[in-house]
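Below, chain A partners chain B and then partners chain C, in two separate complexes.
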Partner chain A sequence: MIALFIFYPLYRGVFLAFTRTKLLEGPDSTLNGFENFKNLFADPTFITALQNTFVFAAFGLTSQMLLGLGAAMLLSKERKYIGLIRVLVVLPWFTPPVVTAYMWRFMLDTNAGIIIQLLKDVGISFGEVGIWGNPHLAIFGALFVDLWASYPFFMLFILAGIQGIPKDMRESTSVDGASAFQHFRYVVLPLIKPVLIVSGLLGVIHLINSPTLMLLLTNGGPGDSTLVLPLYAFRQAFQGYDFGYASAISVLVLAAIAGFAMVYIRFAKFGKED
Partner chain B sequence: MKPKKVRKKFSYYMANVGITGLVLFAILPLFWTFYVSLREEVSITRYPTMLTTKNLSFLAYTHIWRDTNFPVLIRNSLIVSSMTVLLSLVLGTAAGYALSRAKFKGRQGVLLSYLVIRLIPGVLLLVPIYIMMYKFHLLDTYFGLTFAYTTFTLPATIWLMKGFFDSLPPDLENAARVDGCSRLGAMWRISLPLVLPGLAATGTLTAITAWNDVLFAIMLTSSNKSRTWPVGLREMIGEFQLPWQLLTATAIMSLLPVVIGFALVGRKMVAGITAGSLKE
Partner chain C sequence: MQNLISSLSRRTFLKLGAMTSAAGVAGTASASAAAAKTNPKGSGKISFWHHYTSDGERAGFAKVVDAFKVKSPAITLDITTVTNDDWMTKYIAATAAKSGPDTLMVTAARFKDMRKIGGLKDITAQVKNWPAKDGVSTTIGAFTERGKSYGVPWFTFIDWMYYRKDLFDAAGITKPPATLEEFRQTAIALTNPSKNQYGFAMRGGSGGGGFIPKMIHAWNGPFINPRTLLRQVKFETVRDAVSFWVNLSVKDKAVVPTVTSDGFAQIMANFQTGKAAMVMHHTGSFVQVAGYFKYGTQVETAAMPAGAGASTGFTSPLAHGIFASTKNPDAGFEWISYMGEAPAQVTFLKETGYFPTAASASEDAYVGATPQYKVALKAIGVYDTEYTFPGYTNWVSNTCLPEFQKALTGSQTAEKAARNIYDELGRVCTAASKALLSK
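Up next, the complex of A and B:
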């Protein structure tokens, strides 16, 4: 089943990247070598999308991991209703992306959005175009929305890591006179490092791979200011019907991620041996 | 001793403030969306920040339920989600059990494929899957969507079920086999009932994944025959000029099954995901 539905399509997908396959010219494909890739690097839209993807992934990872770490620290101690609290905090992660996207598009809307209006009342104005119409702000709006939806993923992972640490650890360090911060820096952080590494990797992959949020939230606009690579590939495939070109974009993304993952894992392993 | 006590109390209150903040951050947007869906369209755009109990009604909900094709889309989503859960659980439980009990060649490979699948950009699979469905005449059918979703949910299902089977003591089954049970019988009568809560959690996770998906649904459906609700919600945007009341009402309605499923088995689900992912 996995072989049929993952590896065959994967093979076909990589194969397509080296062909000229445009649905408008018929379903047949002809091999054209590295033609698609050559065109890619001469395509200014591709370069823009590449830059946007990089910004989105870098800011997204940093913000989500930090908030996830903070939240995990807060929720790791046992207290009343902690089970309920954890489930509530994780709920955004399971909210359908369509709901997430339209809800936030609404809440951050220039005219009807409660958040924009409240900020205006305290003197912070986003002007006529608001957040979604401003090419410099739109990507940060999207980053905020993804922070809401995706940080619980990091929180879950890190929380599991923290819970793996024996409880009396804090008692013994406090007997030795360590402050809460020192305990965190020298005991907790090294122990949850593997968890941070794994969740970071999965988080980056999610940030780079998924066109869903951008497709629904901004559809790449205004202009191409929030166009990310997977969205560009999606557009090429299902609006331009250029399957070959779309596959080429995806293959490049896959190669970049795989390369990054390998370097990252090797690097992380070296860190552990020290 | 005194300052330390004060500090401890202070940090306890700070933690409370932080936790309250996290919970509000997660659920306030959802509550506000629900509240807006009860208001009149005019007042939403004219007085966006007003809090009032006047003129609140479920009119938007009854309108959507009676006068649009949304119930059909919800039904399609329910059917596709159920079929995906069924297929994933049958295959995933069998595979997870095999991986947990038997040591065979390529075992690591199967587990590794779970991670590898997460590396692959969805769009890369989307195109070939689209072409495959086109060739097998599965476009715009329940089966087409079900197969596509199972592709993505199966690895997670296998992974989670393996984790749940791993946590059972193998002696239980051995005892059953000594008493004359076959291997399959031991699995069916002894192990399966014990992992039932895990099975429920995994099934819910699968159902939510299928229910929430929009990317494959946009691609693989073209009519009300199999179109799922996220596609319908997306198309509302084009049909009317951002009708906030209807949009929010639809969003809340579609979120409801997720919240219910989550409330029932959320804790088990969360535990399964984290335990499974940290093991290897």
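Up next, the complex of A and C:
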């Protein structure tokens, strides 16, 4: 039963990728081999979306993991109200993506955005067109919003990892004359490595697979400057009604994530002792 | 008379028929004929999907719903808001699962796509028996395919322009622009970046793609053959139309600079704050604009400027349809036909500005007493109806808009944008025409 629920939708998705399924031509599918995949690589919009997805995933993973790591290190120390502080810091992660997107869309609006106004007051300007109207800045605006919303995910994982390290290890390394950085580099980092690997993998899957934030923040614009693969697949399916082509995009994304996961885990020697 | 008939319950109507028969009054035959033309009364619970999001729309619609509850107490409505962005996603899922709402909105632009995908019920027989059908005879055609009706018209989007009369007066401009070239000159004259004032709040963000077909239409006249669905416009015309629109921003600098990210909320905010002297929308924002300006002295309405081929403005009706798999079509039709008649439409007009489709509603005293609506009434006879063919909305949203934005941001030339828009239009039209001929 479980296999049915997991594998049948997956099978349907993969099957559709090898068919011509255009709802405007009728509900039936006809097998067309690799036609959709061939068309993908001749489609300049797909190539743009692929590049944007890579940029979004690479910058997103790096920034979110670093901020999550920093926040986890800060919040790992026991102090007054630490429980409350941890809950407050995690709040962005609990915020629904729709709320996150609309809130930041307006806070970073050139004309009315409070953050833009505050930045202007201290001499930082994003030009007349602002962040969302600038094809070079819009993707970084979206990355910033996703950083705000998603770094607590990394923080929680890493914090759990840090809290699993026995407290007396720091005392031991201090006695041996290790600095705080050396303790972090040679003790903490190796011990939380499995956590970093797993959270990194899940983070990449989230970054590649979530069209909601981009759909609501920029809808892929201006032009195609923030168009990412899942958003392109969504457009092809529900606006172009071409489910075969949309499935081909999704299958490629699935294959890319699976490939990345295998390489990543092998490269990181996950599950093997150093 | 038709309104009177439709407002009576079936039982009351039959009683009246029986009384008149018993009395032997002449006219019994005609009354019986009218009774036979009345749809069966519905009862029970029905669901309805709409995409109203603004406060004014919701308030106006709540009044319509309240009035319907009084008129048809046997019917309970279960109303759901589905945003425009999610509309087709949910519609496709509901159609595939055969578990959609009983009744739902259908815009003219989406009608052909929704019809092709399936999910809309043929309501020809019910419309035929609907006493008020003649009142919407001019708009129901937008929801008719091969002689079959799929929607009862509710209101019509009528494009128009708002202009800041105070800013016009200050600049010594005495009348709104009537042609696109006059529009350009007026926008330039009203632009003063040192005062943070621009001639026009152009929509280049969400919804901005819809202005590209308007421009091509204004330059060329109808650019699709209505019989074959094939493209009937030259590339040079598309290039000139797109270039004109892009250059208002890029060359003339007469447009608010944030154009590429400006959707409805932003253009209206720019107009409200005086950052822009003109804005293009439709009558649906009439009441909203009245919330912050006084008509006559601060703001006025004007017809959309005319191009060489046609007006820039479209009329575009919106209807309500019945979902194919509904189990309660009688109640569904009672609900959607209620909204097809003048009283409900005038209620909604007063709260929002959305213009009625029922002919008698246009003659309502409120319309006559509101001088700004003269523009809308006149436009009905001048504007063409918005296009609707399979693939149209996707072309507008996913080709016209991004290509237009790329030209606005300088990522490509207006000519290159026009070329991509033109080529994709050709592909969409060919596919639509092929599908039409293969039937």
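Of note:
In the analysis below, the second predicted complex is superposed on the first by the 263 of 274 C-alpha atoms of A that agree within 3 Å, B and C clash if a C-alpha of one lies under 4 Å from a C-alpha of the other, contacts with A are read in each partner's own complex, and residues count from 1 in each chain.
By our rule, a residue touches a chain if its C-beta (ideal position, glycine included) is under 8 Å from a C-beta of that chain, and two chains touch if they have at least 3 such contacts.
Since the structure is predicted, the reported quantities are computational estimates derived from the model, not experimental observations.
Following the overlay on chain A, a clash is recorded for the pair chain B and chain C. In the superposition on chain A, A:Ala112 contacts both chain B and chain C.
By the touch criterion defined above, A:Glu128 lies against chain C but remains apart from chain B after alignment on the C-alpha atoms of chain A.
Contact comparison for chain A: of chain B and chain C, B touches the greater number of residues. In the superposition on chain A, A:Phe18 contacts neither chain B nor chain C.
Looking at the shared chain after the overlay, A:Phe238 reaches both chain B and chain C.
In the superposed pair of complexes, A:Gly223 makes contact with chain C only, with no contact to chain B. In the superposition on chain A, A:Phe46 makes contact with neither chain B nor chain C. Once chain A of one complex is fitted onto chain A of the other, the partner contacts of A:Phe56 are absent, as it touches neither chain B nor chain C. Of the residues of chain A, those at positions 27, 111-112, 215-216, 234, 238 touch chain B in one of the two structures and chain C in the other. Those residues of chain B that touch chain A in the complex are listed here as 11, 15, 18-19, 22-23, 25-27, 29-30, 32-33, 36, 44-45, 48-49, 91, 110, 113, 117-132, 134, 147-148, 150-151, 154-155, 208, 211-212, 214-215, 218-219, 230, 233-234, 237, 244, 247-248, 251, 254-255, 258-259, 262-263, 266-267, 270, 273-275, 277-278. If you check the complex, the residues on chain C that touch chain A are 85, 88-89, 92, 113, 116-118, 204-206, 257-262, 266, 269-270, 273, 275, 390-391, 393-394, 397-398, 401-403, 405-406, 408-409, 411-412, 431-432, 435. On the chain A side of its complex with chain C, the touching residues are 23-25, 27, 109-112, 128-130, 132-135, 215-216, 218-225, 227, 234-235, 238-241. Only residues 1-2, 5-6, 8-10, 12-14, 16, 27, 70-71, 74-75, 77, 83, 85-92, 94-99, 102-104, 106-107, 111-114, 117-118, 121, 148, 152, 156-157, 159-161, 164, 180, 195, 198, 202, 205-206, 208-212, 215-216, 230, 233-234, 237-238, 243, 246-247, 249-251, 253-254, 257-258, 261 of chain A touch chain B when the two sit together in their complex.
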